[in-house]
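Structures for review follow.
After this come two complexes, each holding subunit A, first together with subunit B and then together with subunit C.
Now for the complex of A and B:
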């Protein structure tokens, strides 16, 4: 107990970093993912293939390998070293964007084709059809899985400890290594992760319940 | 910054990658086997068991699913032996971790599968005089497996990918080969850029096989 109390300030400091990183990754991947998801539905075929290729590639590579590869590849491609926080966040964004793209694509494609035809029938152009007919309906199918995906972002952020960013995971490991009584520290760590992720996943379930009546 | 990409060491030590890939596949197979047995039992407890047992299973599933796998790997390898008074090697430790982790995900899949068995089938089993045990073995489980096949397949591929977490505790699997190359020959990028396509190819083959299996056995709805 004493050990857990001693470690708590360090762990909370780490949790703040975890939350910050997750928030940045979540917002970047939301923007990019929705854009790519929309393109995956409406863009010309070559762009659609490229997006599918990107998503399938990310899906076929383990997350640690993906994050390490992007982390080490970015400075090589740029030709100069960049801030390691930015690099780690970029790596995590590459992974999360693929997931958000799939969610957005699924949400948009789940809207019945008749809705778009109805839009055409009343003389709406392409953009009004997408913005006023498809999106308002798709967002209800997008939100619950997206909020659930946020838990994957938080869990994924533990991986940037592998490249030396001191977030919750690395704080846990460092404190545990420092005091030689690792168990209480690890338990405290699991509790913090549980609290963060459980609140997110129950929010997702609540959202799903709220939108459930709209399903045909 | 001058970094010259050089794959010589990768080819020199390629046996590490090759054996690493085989170990990854082994780890995934063993873990999903243990995880599937455990997950199936827990799912049966959840569906048929008393209320307190149901709560316990739900708590286990909810807890594990909300943890990053990395933390669980450290927890089992560095944490548990200090209070348990026993020792195990990294490979055993990782198999335990991945089994516990996969069981939590498989419970959900099996539970949904058991729920999806049509009530009429179970009633039909009752009508021809099958005991509850026979109903489970000959009616519920076969249907459940066919219903859950796609989800099971995806879970297996995702577990195979999760074996890459083992490198953090020095289990010599595929990712470890890449990180070894980084630590000893300063060729981490080259190592990773070979390991990643290897994972990709294996996952793609797995998905192709699974799609074929699904076409043969899965229940069409």
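Now for the complex of A and C:
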């Protein structure tokens, strides 16, 4: 107990880093993923192929490899190193965007073609059909896998300790190493991770309830 | 409310219509005129091209050959300086706004209430403000007998009610022609009557309609003209009593007797 109380300030400091890195990655990948997912459905073929290639490539690379590749490649490409937080956020965003793209693409494509025809039949143009017919229905299918993905982002952010960022995971390791009593520290850390992700999934359940009237 | 009947002018004029999906020719030179206020029923076996013909009229399919004009405007193509090019998406939307379509599977927007389903086109295509779109939606929903369902979602409605919302959604746009694609085929038998009742009322009010149906009794009752299609062609065309009661053409006879025996077997 004493150990847990001692470690708590350090762990919370780490949790704050985990949270804001996750928040930035989640927001950027949401914007980019929805954009790419939409393009993957409606853009001309070469753009669609490029997006598929990007998603398949990125998903085939382990996240630690991706993080270290970005960390070493950026200085080579730019001629100077950037902040290691930027490297980590960039790598995680590249990875997560690929996943969000696939989720968005799947959600959009799962909307029945009859919905699009019904939109056409009343004279709606392409963008009104997408905005008022397809997207509102796709949101409901997008949400559950996306929140699932958010919890993956939070957990995946543990890997940025690879480039020396002291987030929750690295704080746990450091504190445990300092006081030689690892178990209570790891348990406390686990509880923090659990609390973050549990609040995400219960928020998602509430949100899904708001879309429950959309049944086919 | 509805256009005054002026039977002299064809509102839909179809000439030499041809359409193929790959190597499968589904329409083989169809000619048909639909006058203002007229109800034309298309019957025929499945695969005869009747649904494709209907879908060409509102440009959900673009024909390869021939011509369809809606109130004098070529539907699928733009002709300028002797050249013919496929219409662009924006032009097609404008043409589709002048036609109404009701689908076999309803295709109501499940995320919108009955009133919102009707309002969407009024708001986003006709540019009406929310209050007047709502007023029009309520008026049409009341006319199809759903005055107590304005704020119900499609999932809360029966099939017959959903299809009546589908009809309200189409007619609220005041289309020049209403296209009905087997609109009772997905309904339980006891719900067919309420939907056909609405269509009958629209016919009485002078709405121009092209109807694809397997309900022969209904076709006989509401149609001004019945068209029998087979193999992508119009085989027989005439008044309902001529076509349905004293069929002379061999293929039409076979088709009608097969329908008849199916019905007997079902009951």
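Definition applied: the second predicted complex is superposed on the first by the 201 of 216 C-alpha atoms of A that agree within 3 Å, B and C clash if a C-alpha of one lies under 4 Å from a C-alpha of the other, contacts with A are read in each partner's own complex, and residues count from 1 in each chain.
Note that in this section a residue touches a chain if its C-beta (ideal position, glycine included) is under 8 Å from a C-beta of that chain, and two chains touch if they have at least 3 such contacts.
Keep in mind the model is a prediction, meaning the values are calculated, not measured.
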Subunit B versus subunit C, judged by how many residues of subunit A each one touches: B
Touching partner for A:136 - first (subunit B), second (subunit C), both, neither: second
Partner chain(s) touched by A:121 [first = subunit B, second = subunit C, both, neither]: second
Touched partner set for A:75, first subunit B, second subunit C, both or neither: first
Which superposed partner A:44 touches (first subunit B, second subunit C, both, neither): neither
Which superposed partner A:183 touches (first subunit B, second subunit C, both, neither): first
Shared subunit A contacts, counted only where both subunit B and subunit C touch the same residue: none
Residue ranges of subunit A in contact with subunit B within the complex: 56-57, 59-66, 68-69, 72-73, 75-76, 79-81, 151, 154-159, 161-162, 169, 172-173, 176, 181-183, 186-187, 189-190, 193-194, 197-198, 201
For the subunit C and subunit A complex, residues of the former touching the latter: 58, 60, 89-90, 92-94, 96-101, 103, 105, 107-111, 120-121, 124-125, 153, 155, 169-170, 173
Subunit A-facing residues of subunit B, complex: 1, 3, 5, 62-63, 65-71, 74-75, 78-80, 82-83, 161-165, 167-168, 175, 178-179, 188-189, 192-193, 195-196, 199-200, 203-204, 207
Subunit C contact footprint on subunit A (complex, rising order): 112, 114-115, 117-126, 128, 132-133, 136-137, 140, 211, 213-216
